[in-house]
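Presented below are the structures under discussion, each in the form of structure tokens.
The two complexes that follow have subunit A in common; it is paired with subunit B in the first and with subunit C in the second.
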Partner chain A sequence: MTSNVISASPAWMLSRIYWREAGYEFLRMLRTPAFALPTLIFPLVFYVMFAIVLPGRWGDFDKSAYLLATYGVFGIMGPALFGFGVGLALERESGWLALKQVSPMPTGAYFFAKIAMSLCFGLVVVILLSIAAVGFGDVEIALDRWLLLVAVLLLGTLPFCAIGLWIGTLVKGQAAVAIVNLVYLPMSILSGLWMPLFAFPQFLQKAAVIWPSWHLAQLSLGVIGQISDVRYLLHVSVLLLTTALFLSLAAMRLRGR
Partner chain B sequence: MRPLPLIVVGCAFALAALMLMSIPPQPPAPGKPATTPSPSEFVISKARVFDGETTWPRADVRIKDGLITAIAEQLEWPSGLAVVDGSGKTLLPGLIDAHVHSWGEARQQMLRFGVTTALDMFSDPAQLPGFRRDRASLAATDRADIWGAGALITARGGHGTQFGMALETFDDAAQAQALVESRIAQGSDFIKFVVDDGHAYGEGHELPTLDSTRITALLAATRAAKTMAVAHVAQVDTAVAMLRAGADGLVHVFSDRQANQQEIAVMAETGGWVIPTLSVISGLSGESVGPALGDDPAIARLLDAAQRDSLRATYPPQFQNAKHLPNALANVAALRRAGVDILAGTDAGNPGTAHGASLHGELELLVRAGLSASDALRAATALPATHFGLADRGRIAVGLRADLLLVEGDPTTDIRVTRQIVTIWKNGAVVARKPAPSAVSNVQASPALAAIDSPFSGKALRTTQGQHWAPSIDAFVGGKSTAVLTLESEGDTSFMRATGAVATGTVYPWAGAALLPGDPPMSAVDASQLTELSFRLRGDGRELLLMLLTGENNQAPAMQRFSSTRDWQTHRFKLADFQGADATRLRAIAITASLPAGEFAFELDDFELQ
Partner chain C sequence: MQKPVSENGPALAQLIGVSKRYGKTLALDNIDLAIQPAQVVALLGPNGAGKTTALALLSGAVRADSGSVSLFGGDPTDWRVRRQIGVMQQSANLPETLRVAEHVRQFSGYYPNPRALDETLAMAGISDLAARRYDALSGGQQRRVQFALAICGQPPLLFIDEPTVGLDVESRRAFWKVIAGLRAAGTSILLTTHYIEEADALADRIVLVGKGRVLAEDTPAGIKARASGKRIRCTSNLDITRLAQWPHVSSATREGHTIELRSADAEPLLRRLLDADPQLADIEVMPLSLEEALAALATSETITLEQAA
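So, the complex of A and B:
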């Protein structure tokens, strides 16, 4: 490891490396249409379809606001899982990670860049959804509530970054795409992100507690005011523990190598 | 690294524990406002069943997932299925009110009274897509379904333009096709047009209306668009003319006079139908059935504040004419004898009516006009469904929507029994019938009003107690009348002068002066401890109106007329004489000039309310 040399550099040099790496990571992903288009456009298209175009009334739920919260979760999961999972797997296969590891760049910058990229993409998705919701779905949300929703969703990317990271350490190359999709889509549907859970059989409604995305959706639905009596501490704990669990698993994989 | 596996195992256990803790005991589901959970499949057994056309002395009806799945004198069903005992009761199709103006809480108000569907004859067209969406659903709901005309079609300045809503008028026959197409594009289920020159309401109420060129063009356009055209008429002559010209039906019965045999026969030959709206005509006749309906205990317990006020509200005296109701009743009887289909509609939304409640009053009026109780029930179930093409409702038959009404007793012999509602089902789900708490609780006690006197001795147009006088004009209903108030003096007395002009352009134009006793202005005060209103007034000899604005904000004012004199004269009025006023919620007292149009001036002094 060469990190000793680097950590002796002035702090501003170090932070410049972090930011540059993050900036180029973002640019690179933006220039990868196979990544950027689905992660940015899919949640928006689904939201417009289910929340705005298709008719229906859900009792005292406000459909447009409810789905803004759940598609927001869906939207931030994409960049986190794919950015980390698929990105890492591809870069391990191509040897790019190994090259980075021997370069005089701190390993932290590599992960920081991926997290920053996930947050940026997540933010863009949430902004796109919010424009659709407020502009066309008649959703009324106060600015402070909206900022809180954005904050919850962005912090909620952490467990998915961790899961993505772990998947990226398990398999190499294109296999990761398949695995991530196998996790991403069922988890989204079964946590009620596409259509609300009350449309599902009872046992699936109860089983939803095993998905971190369900816990994040509870937080965002609570923030947007669509469900009450949300046990915020409980859901936050689940998300933090999930992050810790998958980070540890990933670290075991990386070190075991 | 040692600690990592430990962290993994620790996290996994903690996660499992937290996940178990977060299993929701009752996963969140959409609340069903104003409906209580009811089984999706059940049988209503042993009830007398009026199926929209005929009466079964005893039958079983099975319902599943919002639809009627079976009806027979004796059904078999698996044990375990929920059963509603209907013995001694009568099951009816959900009622249809064939003439309403729906806004605000109207749809919830209707459903509480068993009106599961209504035909809207003019309201905000922006509601139409929502009406369409909702009526296609079989989900439990707290509101009635609506088919609507959207915006009506009338001449510039004609009936329908007085409500202050933006309305594209029909000024040139060449517009007909485009107008019909634009209404259909807005979502209108049928076209309603107005042929009413105001003549039926007496002199001074003349209004512009559609001429025969435009009517012919309009009816050609509706035929070409394969849509129904229904006509608002008030007179026998126009009624005959419209049905002969090809209108599908009339949304009011004519009441200017009794039609003769030949006129009735001509109308019957056209196959057209009539929605009499006797409820609103009783109000135009000065003998509104609204207050009595509101006092019927079976109705009263389900009324919210707005409905109660609306039942008590009256038309301005200059619109009341005692001939309307007798003429209307006689015409309905003659139409029925000639075989014309009569459809029950209330015109709810107007003074003297309330959504839902008034349909029960309308049924009673139809029986009073000479229909049998069963005919009256047909008029509110199968007939409107047939004539307006509501294929999924209006009768109790297999495959139709389970919009049902269970009443105690036999409405086919006593029509007033429709009010004895035991259960209402909409889309197969039981409807909770309590008026919305918000609707009840907004009847907060208003602050009590102490006696007022206004000698106009100060420098401002205020009462001694500090309340303001303000000009009162018809601008907010689209009028152009003007009024100016000034403080004047003559020798050692001072008084208020009101001058201005009443302009035509709206149906009830007015201009004058108003005293707003509440703070903030137009808020309600309780004047029930006060009894008499007096003032000195001199003017130009015109007839003036003394109006009390009370109750809900949009309630029609209660009023009395009096003549101004060229010399000062003292006028006294008892508050109790203002028919329809709710003195516990007084918002404004106004003295105004109305029709005929033209300039006016009056001077007011020593105004007292005590």
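So, the complex of A and C:
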């Protein structure tokens, strides 16, 4: 009897569980204004303000194209950090995670749902930014370049999902909101996502290499041709290592319960 | 009503010699427990007895420090094995922004052969709340949704932790009726409770636990018989430590010159008492309430020299 039930998990049933889980995760985050509004609207508002409304040029840089890449990074970080960090912290506190852990849900579905949700929100943010950039910022970008940028940004959510996951294992409940904000906002600013780094003191420019968001910004700026001589391999390696490091830290915390 | 096939048949869920420690607290101490098909088992005991830990082990939430845990012959930490159980925990809060029907659909999707949505909602008594968001429900309604998630997959075995805590009398009766219906349909249920009347009303078998150990295991009638003790009060100078070791004495306390004994078998004890102390006076014999008797069992047969607890 047991073996029958265990073997009766065809791939289609499994994938339906995964997608349904992702759908409900997306739906409930969309219905949570404290999550949906800041993650969807803030990057757009900041971009419109700094890239379009405020006048001025920075040397040879195309301001609205440059900031499209960096606000794109800022935009995909939010859902990943908040979705995983605050999501997990709240679900641990409410007992929801405990109930899921004894339900017949494959563990992978939980993480898949959160990653898929982060990607969907990230994609919406990038599309909103792109509409503003092309429609009001006079940015000209070829479709293939744009698709490449989207791909880089979406793959770039992974290290931030991992960092968020780790934060979610460290603290419970609303405390995670504060912690995520303390990580998210300073890291964004110090990586030059709000304003290009050359507006910053020399030592802050040098220190930017420690932030994963700086590495992702280098990649994004590179693929849309805003900076040259980008060491793609280096940045990709740093982002992969960051992902692996924080996933391991989170796994240790989760197992150590 | 379906009767258990055989007391010795393969158990649906089983703990054998299981111990579990949380930090310095030994939550379960070498415990044995088995749930047979089509049986309702009540884990009865005071808070901290280890009831919730036993459920957590059987539902795969935690792993045992030692001993063996089996669920349908498999390991409950494997999610596929858990398709045969439904769980209602004591303190789970579901995401607030999803509607009742969405919650039930999500959980139904985990099971290979779920109940129809309408049927689940009707059984849990929440048909009229299907379109409501979880955060718009009262506490009792939220408990019903959590119950709906436990039964939506039609699993052959349910784990229910303190099902009626915080429910009013009417809701509690309604819940008992649903449990009786599930039991009649052949579902096995392991529930924890610290209400004796609840265990008595629902269970085929009561397992009395205290301090992480099984103190007694019997039918409700059997447990009641064991617990049908008497309280004997009298004035005497007999040594209380020695009294506590007498065969028919389950507990002995002293308060000044008055001693109080609890016993399941009062008559032979009285005879022996009168023989042992010719000065003995002021005898009073009173029946113990079931609660008192079980509490005496649950704190195990220790002597309390302080004031009666």
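One rule holds for everything that comes next: the second predicted complex is superposed on the first by the 249 of 257 C-alpha atoms of A that agree within 3 Å, B and C clash if a C-alpha of one lies under 4 Å from a C-alpha of the other, contacts with A are read in each partner's own complex, and residues count from 1 in each chain.
By definition in this document, a contact is a pair of C-beta atoms (placed from the backbone, for glycine too) under 8 Å apart; a residue touches a chain by one contact, two chains touch by 3 or more.
All values reported here derive from a predicted model rather than from experimental measurement.
Undergrad: Specify the outcome, clash or fit, for subunit B and subunit C once both structures are aligned onto subunit A.
TA: Pair status: fit.
Undergrad: Quick check on the superposed pair: does A:Arg31 touch subunit B, subunit C, both, or neither? Answer first, second, both or neither.
TA: A:Arg31 contacts subunit C only, not subunit B.
Undergrad: In the overlay, answer first, second, both or neither for which of subunit B and subunit C A:Gln174 touches.
TA: neither
Undergrad: Looking at the overlay, does A:Gly95 come into contact with subunit B only (first), subunit C only (second), both, or neither?
TA: A:Gly95: touches subunit C, not subunit B.
Undergrad: In the overlaid three-chain picture, which partner chain does A:Ser15 touch, first (subunit B) or second (subunit C), both, or neither?
TA: It touches nothing on subunit B or subunit C.
Undergrad: Under the superposition described above, what is the C-alpha centre angle at subunit A formed with subunit B and subunit C, rounded in steps of 10 degrees?
TA: For this superposed arrangement the angle is about 160 degrees.
Undergrad: Where does A:Phe198 make contact in the superposed view: on subunit B (first), on subunit C (second), on both, or on neither?
TA: A:Phe198: touches subunit B, not subunit C.
Undergrad: Under the stated touch criterion, which partner chain does A:Ser248 make contact with: subunit B (first), subunit C (second), both, or neither?
TA: first
Undergrad: Once both structures are aligned on chain A, how many angstrom separate the closest C-alpha atoms of subunit B and subunit C?
TA: Minimum C-alpha separation, subunit B to subunit C: 15 Å.
Undergrad: Could you please specify the touching residues of subunit A with respect to subunit C in the complex?
TA: On the subunit A side, the touching residues are 1-2, 5-6, 8-9, 13, 16-17, 20-21, 24, 27-28, 31-32, 91, 94-96, 98-99, 101-107.
Undergrad: Which of the residues in subunit B come into contact with subunit A in the complex?
TA: Touch residues, subunit B against subunit A: 1, 4-5, 7-8, 11-12, 14-15, 18-24, 27-33, 133-134, 137, 139.
Undergrad: Where on subunit C is subunit A touching in the complex?
TA: Listed in rising order, the residues of subunit C that touch subunit A are 56, 59-61, 72-74, 76, 78-85, 87, 89, 91-95, 97-98, 102, 105-107, 109-112, 146, 149, 153, 159.
Undergrad: Residue numbers of subunit A touching subunit B in their complex, please.
TA: Going by the criterion above, the answer is residues 55-61, 196-198, 202, 205-206, 209-210, 215, 218, 227, 231, 234-235, 237-238, 241-242, 244-245, 248-249, 251-252, 255.
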